[in-house]
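Same chain, two partners: chain A is paired with chain B first, then with chain C.
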Partner chain A sequence: MKTKIYFDGDSVTYGKELFDLSKRFSALVCEKLNAEEHNIALNGGSNRRVMRNLIDNLGKFDRYVIQMAKRSRTEWYDEDEDKWQIVTNQPVKSGNYDFWKRYYREIYHDNYGITDELICYNFIRALLVNVPHLILWSGDYDFNLPADLVYKKGSFPVRRGHPNEEGHQMICDDILNIWR
Partner chain B sequence: MKILYNGDSWCWGKSLDDRDDRYAVQLAKRLGAEYTDLSLHGSSNRRIVRTTIEHGLSQYDLGIICMTFKNRTEFYMNGQWEKVNPGRGKGKMFLDYYANYYEEEYGDTDEMIYRQAIIDHFAVNKTDLLLLTVAKDSKFDYDLYLNTPDIPLGETLHPTKVGHQIITHRIYETLIKMDKGAIQSVETEKRRSLYL
Partner chain C sequence: MKIYFDGSSWMTGSELEDKSKRYSTLISKHFGAEEYNLASGGASNNRIVRQLVTENDIADYDLAIIQMSMAMRWEYYDDTQKEWVQLRPITQPSEKEHKKWLRYYYGHMYSNHFGTTYEHMFSQLVRDHCKVKGTPLILLTNRHADGFKYTTSPTNFKFDLDISDPKYPRERKGHPNEEGHQMICNDILDLLKK
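After this line comes the complex of A and B, so read on.
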């Protein structure tokens, strides 16, 4: 039976801006390991979404690769649409636009984001304590948690803001190097 | 033995004339244990998890953590952590949050995330945990539900001195049953037995 690998995160893990999603790092890793790819990353995804998904998917996969998202993001449950809506600091697509605009202007503080990130990091490590897993992070602010792979802006070649094919190959190689 | 407590007003001893009558103090006395109490009235599950992680567990043998209502949270505003719950400001603060953001589904997943975070945080730090809740309508399993009809409450709907005595006894009995050595008994088999 093929090894099943779970991937979650935001647009980096989703493979945004790639013309061909089979070139994203999750697909490349699985191709190399002859494993089954299960990538549920979402453009604009939040750490809260990552935690919510992880609880639901615990015990179903052999390995887990979790990319932590930007700490300012969250999500809300849209009862009218009966679905989770992403919330980024450009809340155009979030619905409830006025509320979220005010949220980022008056309520959200980076101390909130930093502790959210801390809670999420500890949550992932603790939940996956005896399961092969990797935590990676990519972003443009200071990130001080001991993730396995940290990509600050400029760490990999990008197409606009997201890793291009070469960037995804780099991430893939880094993951394989750790797992070797 | 050293115990770490965390929770909301029930753990903090709100409305008691003497906060030393709260169950956290009474239980520690009964067990001859030292304790640290991180609880605060109005706390949310987010604050409970945040402060527990920030405080660390290395010096503790047992955690007694009492989770709270799922509709609470906190924000960092004006240089301090602001407790967000429907009762703040006589129900007039954070109306926008509850009108535009909060939904039951959100509260349920928040409770699921923070409950799991506490369970696993204690497990990986190899520290025993007794997990309590004051929520009446939780969908999740806890070692002990404190908010039962037989606990006498005062005007502010917090346990009276006698209420705290009953809770102390219940926690004590539960600890005896758990033999104090067992890792968190409420964890569901299907989720965790593979890993812990």
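After this line comes the complex of A and C, so read on.
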């Protein structure tokens, strides 16, 4: 039976800006390992979403690759639409625009985000303690947690803001190097 | 021996005249242990998780007894006061605009589905974090304590003990009385024997 690998994160793991999603790093890793790819990453995804998804998917996969998202993001459950809505600091697609604009202007503080990020990191490590897994992070602010792979701005070639094909190949190689 | 306690007013011993009768103190006395009680009235599950994961090393304790609070509560960091502020439906923010904002949140954004999902998520984190750190845990809830102020929906998630069970006698404002605290203490000791 094929190894099943779970991937979650935001637009980086989703493969935003790639013309061909078979070139995203999750697909490349799975191709190399002859594994089944299960990628549920979402553009604008938050660490809260990553945590929520992980609970639902524990024990179902052989390996997990989790990309932590921008710490300022969050989510809320929209009962009218019956779905979880992503919330970014440009909350145009989040629903309740004025509410979230005010949240980022008056309520949210980076101390909250840093704390939430640390909680998420510990959450992933604790839930996957006996399961092969990797935590990766990509972003443009200081990130001091001991993730397995950390990509600060400029670490890989991008197409606008997201890794291009070459960038995805680099991430794939880094993952395979660790798993070797 | 050191015991870590966290939770809400139910763990602070709210409404007790003599706080040494609260169940955390009774349990600590039973074991001759040092009581480390971080509970606070109005605490959210976010606060409980933050204190457990980011501000303390639970590996330094021999036992953790954590009481999860109402799912509707949450918190934010107030940079002007340099403190974490607990939010709940009855919170009265000082600034008018914040009040409006909070009312909108509970009126239009918050749902039981959200609350229950996050309650489950935080509870699982508490369990797994303590397990990884090798500290035995008793996980309590008072999620059914006040159905008027706080709506809840059923959850499949299992707690070790529901201390909002009406079998524990209460004071006028709804917190356990001395007898209730003694009963909770006894039930926790029974769980620990198992």
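A few remarks follow.
Note that the second predicted complex is superposed on the first by the 180 of 180 C-alpha atoms of A that agree within 3 Å, B and C clash if a C-alpha of one lies under 4 Å from a C-alpha of the other, contacts with A are read in each partner's own complex, and residues count from 1 in each chain.
We take it that a contact is a pair of C-beta atoms (placed from the backbone, for glycine too) under 8 Å apart; a residue touches a chain by one contact, two chains touch by 3 or more.
What you see is a predicted model, and the numbers here were worked out from it, not measured in a lab.
Annotation for the three-chain superposition on chain A: chain B and chain C clash. Shared-chain residue A:I55: touches chain B and chain C both.
Of the two partner chains, both chain B and chain C are touched by A:R102. Of the two partner chains placed around the shared chain by superposition, chain B is the only one that A:V131 touches, whereas chain C remains out of contact.
Using the contact criterion defined above for the overlaid structures, shared-chain residue A:E79 touches chain B and also reaches chain C.
Touch criterion not met for A:L21: it reaches neither chain B nor chain C. Note on chain A: of its two partners chain C and chain B, the one contacting more of its residues is B.
Residue contacts after overlaying the shared chain place A:L33 against neither chain B nor chain C. Of the two partner chains, neither chain B nor chain C is touched by A:V158. Where the contact sets of chain A with chain B and with chain C meet, they give residues 51-52, 55, 76-77, 79, 96, 99, 102-103, 106-109, 111-112, 115, 118-119, 122-123, 125-127, 129. Interface residues of chain A facing chain B in the complex, by the touch rule stated above, are 48, 51-52, 55, 58-59, 76-79, 96, 99, 102-103, 106-109, 111-112, 115, 118-119, 122-123, 125-131.
By the touch criterion given at the top, residues 49-50, 53-54, 76-79, 97-98, 101, 104-105, 108-109, 111, 113-114, 117-118, 120-121, 124-125, 128-129, 131-132 of chain C touch chain A in their complex.
Of all the residues in chain A, the ones that touch chain C in their complex are 51-52, 55, 76-77, 79, 96, 99, 102-103, 106-109, 111-112, 115, 118-119, 122-123, 125-127, 129. Listing the residues of chain B that touch chain A in their complex gives 46, 49-50, 53-54, 75-77, 96, 100-101, 103, 105-106, 109, 112-113, 116-117, 120-121, 123-124, 190-192, 194-196.
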